[in-house]
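The chains carry the letters A, B, C, D and E, assigned in the order they are written, with residues numbered from 1 in each.
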């Protein structure tokens, strides 16, 4: 799938299954994508569509829960992350792939100073001395725009506001110059003005550091402003993958189209009535044997119920997994 | 402040809600969290007033204070002609049917140990003397009205999805035929695809029952969709109040402008061309508000005067109110509803 | 059609009462089920047992004293020839009764004080000071003093056994409600800010019904856990009192007393300590497991899934 | 924090006064008698004389005020004088009825063994409990967890008067390894005598430690379980930290916060709560002092001891809160 | 042997001494601990004979030491006696001892010993004369026995009267003449002694130090001597016989026992304890509804198997007893030995003949009065076993019994406010044990004089629990007080004992001996029930064979 040059991250056929008391939940089903150097890949989809689980499966963060991760390969930096030892994987976490989580309020350990938490990966992965790590931590905080960085190192997370905490999380993820940064809904919990600050910061950093970013969100507005390519997930699968402008201009999958129509906007035209996607997202007690969106789809026809559509390319870097062609309104 | 036309159903004047802070060895009263600090607004019959602002600016407190769920610190509230600002508990109880509330978190606002019928029926038990059967009938009607299957009546909240739970909350609020409903971020906890369902439902019900809403949200796009007029709050005060299209079209207060600018556009082309106003810094604590204009610490236009004198909340145009030194009578740009044209599907 | 939506899932299931749900969850906790089974067994044994095993626990069969297990005395006899089985059964009646009643007393007190303190702001200060006062009273000395103090009055009024029973239950109850009260108060304070309580207030529900309908059911889970711990605690405290020579008259069997009496014979007749010892620890153990299971079962985070 | 502590201390004063009064009244109402344990051969007139000489003839409020004065004024003054060497220390102190000696001296004399045995058992209990709690939580429902749960519950539910006698029979009588009677006069001077001290402490310490460990390990386990699923743990893992670091640094520190307060709250029990174990091993510490004083109707001793226990409880409650505040930077008491 | 050559001896008392001053506490444990240090002028040996101790000889009328009118007695101290600090023992110390105990503000626990003493004078350095206000046929109260040892005047000079309790140092470490002196006293815990360098016999004691540990319970004390061998001597092994036997079988130690005057008995209330009577409860105004019938009392006695009681409760440490005055030998009556055999049938017949016939529930009744007994005693394992057994026997003869046990400190506490004291006797029968100090029963037998009955007027003080009132008996008491001759006194005492027994005023059960245990390596132990058990500790030694 990688076109220009080597992808930094190449995921093929990733599957994740949770064992629960009610039965196995197939949270991620045969997900494949790649990430090119310096690119920002947006991931959208409603709650429970498997966005977080996909990303955490990549680097074994589901470790202690009863999850089985399987797949063809997850190539990163010359290794297959699905087949390395726990120690090697740990070396990748933080150093090769940075992670920023959704909730800045709970993602930092409340009883350690921000400085300690920032310096931890530095000492761990880069073998820095405390003094070097401290120096670097100050730089990092300045990088993410926290004033008076030197002093704030000895503050505790609760002394920071939500936005600042999220900046600390970002600084922490950036600390070891990872090749890939995975940001799991980093702004969902924040106010719009703070979100704007963070988005601005990310744009700037990306420019400066040139790493590849995966940005998970369910806010299409955020995606529109920041992503290069967008990946739409539904029911643990990628239903559409396209460059951002292409996706907004020419959405192919009925789910993407519906998604784009449900959100009102502060500018633009104001619809008298909002469009809704009827029905509920599926709970995946088995791997899909039919299109998982078919139950809610306006265009579903018999084939959708008989087989799970494969991902096909419909244009320049534009993939979709659907039997229905919006151009013609007919099955493909 | 009342505008011409329909007389307001709810009239709030100088509402203050301060939470005291005690400190020191003897727990002395050393200050207040001024969660709501002197706000005034009218809500007309059958309209929706949107109340927006950042987290912690006092929206919920204002909403609850208006319903007298708190003992307010100052000001007056009149609902449907009755002044409820310091009415006694029992009288207030009898006024409750008129004014109801829908809550932010549908999970948290439903008692996990009561059945749906119990939850929706609770107001009926409190205020109407209905027989068991009559009550059940009314519960069923309400469930129909909000689009819940009657067979769900004996289930518990945790057996429902978020959208369905919010419908239960709405049904409970509707049970007593209220005139006025405070919706405290009714969609914030819901998934995007479900938000729309709930908003549509609220609109339908308004039409059907002639309801009046105070719609609290921090989702500016949703407020734009549902509200007739919008009030913007910042740190316990209303900084701007205007009819919807005027506000979104031509925001007057620098905070409103920044707020609107911060909302990303779900359109990559336009988003890339748009100019952003990025505010710096964080919202000050409501227990320690700045001198002068509340917004002066973050305002891109702040000048000396802003740090000294608190701007007055005044009418600057027909139906438009704002609290900023720089938006004088002279500085009014006439609102042009050019950007925000209404499109009917 | 393999993916199932929550709707169809819910529809397939008949409406269940929440106790049914609690029970379903409870059943998945193996320890709790065993605990419950054993506890019920013990309760049945001590209540019905004496009707089946009809030897009087006080009857002295002097010729059969210090006998090991025989057909006539399956668990042997004590130094006066009283039947151990009968004594364990009768002792269990008292120990269990003490455990359960003392727990109930502590629970009612603790829950009531906790709820009132948490709910009514004005009463919070005084009630919490009272709780602090009780917490700061050294328990065992207090216990000893109260027992010495009121034993005789009560015995005069209600007879030796009932009197002392009431006293012990009262003393254990009155000295163990504070933790419950504190936990419940904390929970009530948090609950009071929960939206469903505010929702109910916005409907105009008066305080009394608010407490009964919304507050109490939701503090059930900590209360239940305190309850199970309380039973265990009361049984153990009663046995400690026996050791200190207080508590029930010495010819009146309780598990604690039986265990204490037989420790003297630990070397000669080790089996004699076994029965009351096992009875106490297994009961406490089972109660603890029940508590564990109940905590899981009543926790909506776990059950709600 | 300071304000908070001062406020708590101020609030404690009325509580303590109330407690001292309650205890005094209760003790006075109790039908125990300081002469009851004298042999029957001592005739009633003599008993009455003894009672009079103990001051039992005075009305209750005089006795209470006298106790207050002796305890709150005379004793502290005496201590000060002893420290600084001025004055004669010639004030009337709180005298025990049984021993006719100052109660405070009795308490001081018994402090060492109580601290050695009961204190040590608490330390040992805590040291055992923490790892057990941690492993049980980390490997929840593993066999280790199941066995740990079982053992700790048994440890909690078997009265120490039984376990104590059991270990004595096994280790003193059958095996002859350890002395069954604690020698309170033993002085540790060299290695030899230290070994003896260890040998005589092993059994009481083990019995009590089992009991303490049982409770604390349950708390530790619960607290660890609460924290293992927190978001920050995921963050720590995402940083590529070793699992050991994640658990032993990030999770443990957070989990210890509530446990440390539980541990602090348990400290007052060291002084009063080990009555039964002290009795079984004849450690003759504060617990035994209390129980014989109660049995002997020795009102001043009981009053003073219980009051000191109450003070300890209040102080350690405060310590627990302060510790909480120190360990958890989010908590600020003001 | 040489002094101090046998190292350490360890003694355990399961009740811990709280003071070393025998005058401030009458408890046995305190007296016996103190007896290692302070000594009387004369004491009793294991057979109850008086032997001179600090005195040259025992004064009698015969040797002229006691005046003919029985009002004065002259004691002469041995020569060369030294206190442990090296100062000489003089008659001034003896005089001081009396002053110390006689001071009314001091709360002396032994002031009984000095009853009727009007003066104690030092005749010279070594001679004192004790003067009594009344003739004393038995003048050996003062300064005789472990209860009345001599204390050092110099040490206690400032401790008279109200100041007595404040002299903590002196009370905890009295100067003495005994074989040991205190090195450390920990009240209610442990006492360390070392050999007294100034002890009068240069070869004694054989032990250099004594550790006197207190506290715990009987079983563990026994275990430490008999099973683990940690201690050499354990006091008062009141354990169930089979437990004690099993311990002794371990082979480390020996159980020794001896009998004194302690008798476990059931007292019968001759007055009506019914609560309905209010203030007149348990007073002579209302005779007991059925226990005033001698036939009932006798039947109750006949139903009891005393031998079995002994077997269950005391083993070698007890003997069935039919006398309340079982010793010394010359006082012991044999007239009542019939009670040794249980006779249920006889008891039934007796009751039948007296008109008490079984009702429908098997309980005997006459004229609507049911034989239903409230039986109280103190809380104590053996006593409760006795209660249970006796209840069963009584039920066999058709008597219903309700048991009640009361905490010892309340039961014996004598608090006039408590309804449960043994003196108030708000029950039909009660059980406890009592004895008398020394060997002379005069005061003891006087307990059942009519005027000794506790009544509300006397604040319930008094020792006549049955409220027995017989002019003949009172006459016997009066006569004994006048009689000096030992044989005559013995006859009188026996007569009184027989009278009580034959009227079944009290039912003696067990003559309780003292049981102690000592390790097999400890020699020289001679158990003495008439004085301190440790009376001859100076003669104790370590047997070298083991």
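Criterion: contacts are C-beta pairs under 8 Å (C-beta built on N, C-alpha and C of every residue); 3 or more make two chains touch, one makes a residue touch a chain.
The model shown is predicted, which means the values in this text are computed figures rather than measured ones.
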Fewest hops from chain B to chain D - one hop per pair of touching chains | 1
Check every other chain and keep only those touching both chain C and chain E; list them.
-> D
Higher-contact pair (C-beta pairs counted), B-C versus A-B | A-B
Rounded Å distance, chain A centre to chain E centre (Cα mean) = 91
Here the gap between chain A and chain B, centre to centre from mean Cα coordinates and rounded to Å, is 32
Between the Cα centroids of chain D and chain E the separation in whole angstrom comes to 38
Averaged-CA centre spacing for the pair chain D and chain C, given as whole angstrom = 25
Touching two or more other chains - residues of chain D | 31-32, 165, 173, 279
For chain B, which residues are shared contacts with two or more other chains?
-> 161
Interface hub residues of chain E, defined as touching at least two other chains | 410, 418, 420
Could you please specify the touching residues of chain B with respect to chain D in the complex?
-> 23-27
Which residues of chain A touch chain D in their complex?
-> 59, 61, 63-64, 90-95, 98-99, 101, 103, 106-112, 120-121, 124-125, 156, 158-159, 169, 172-173
Complex contact set, residues of chain A against chain B = 46-47, 161-164, 191-197, 199-200, 218-225, 227, 244-245, 248, 258-260, 262-277, 280
Per the touch rule, the chain D residues reaching chain A in their complex are 228, 230-232, 234-242, 245, 250, 253-254, 257, 327-330
In their shared complex, chain C is touched by residues of chain B numbered 64, 67, 69, 92-94, 96-97, 99-101, 103-105, 108-115, 122-123, 126-127, 151-152, 154-156, 158-161, 169, 172, 176
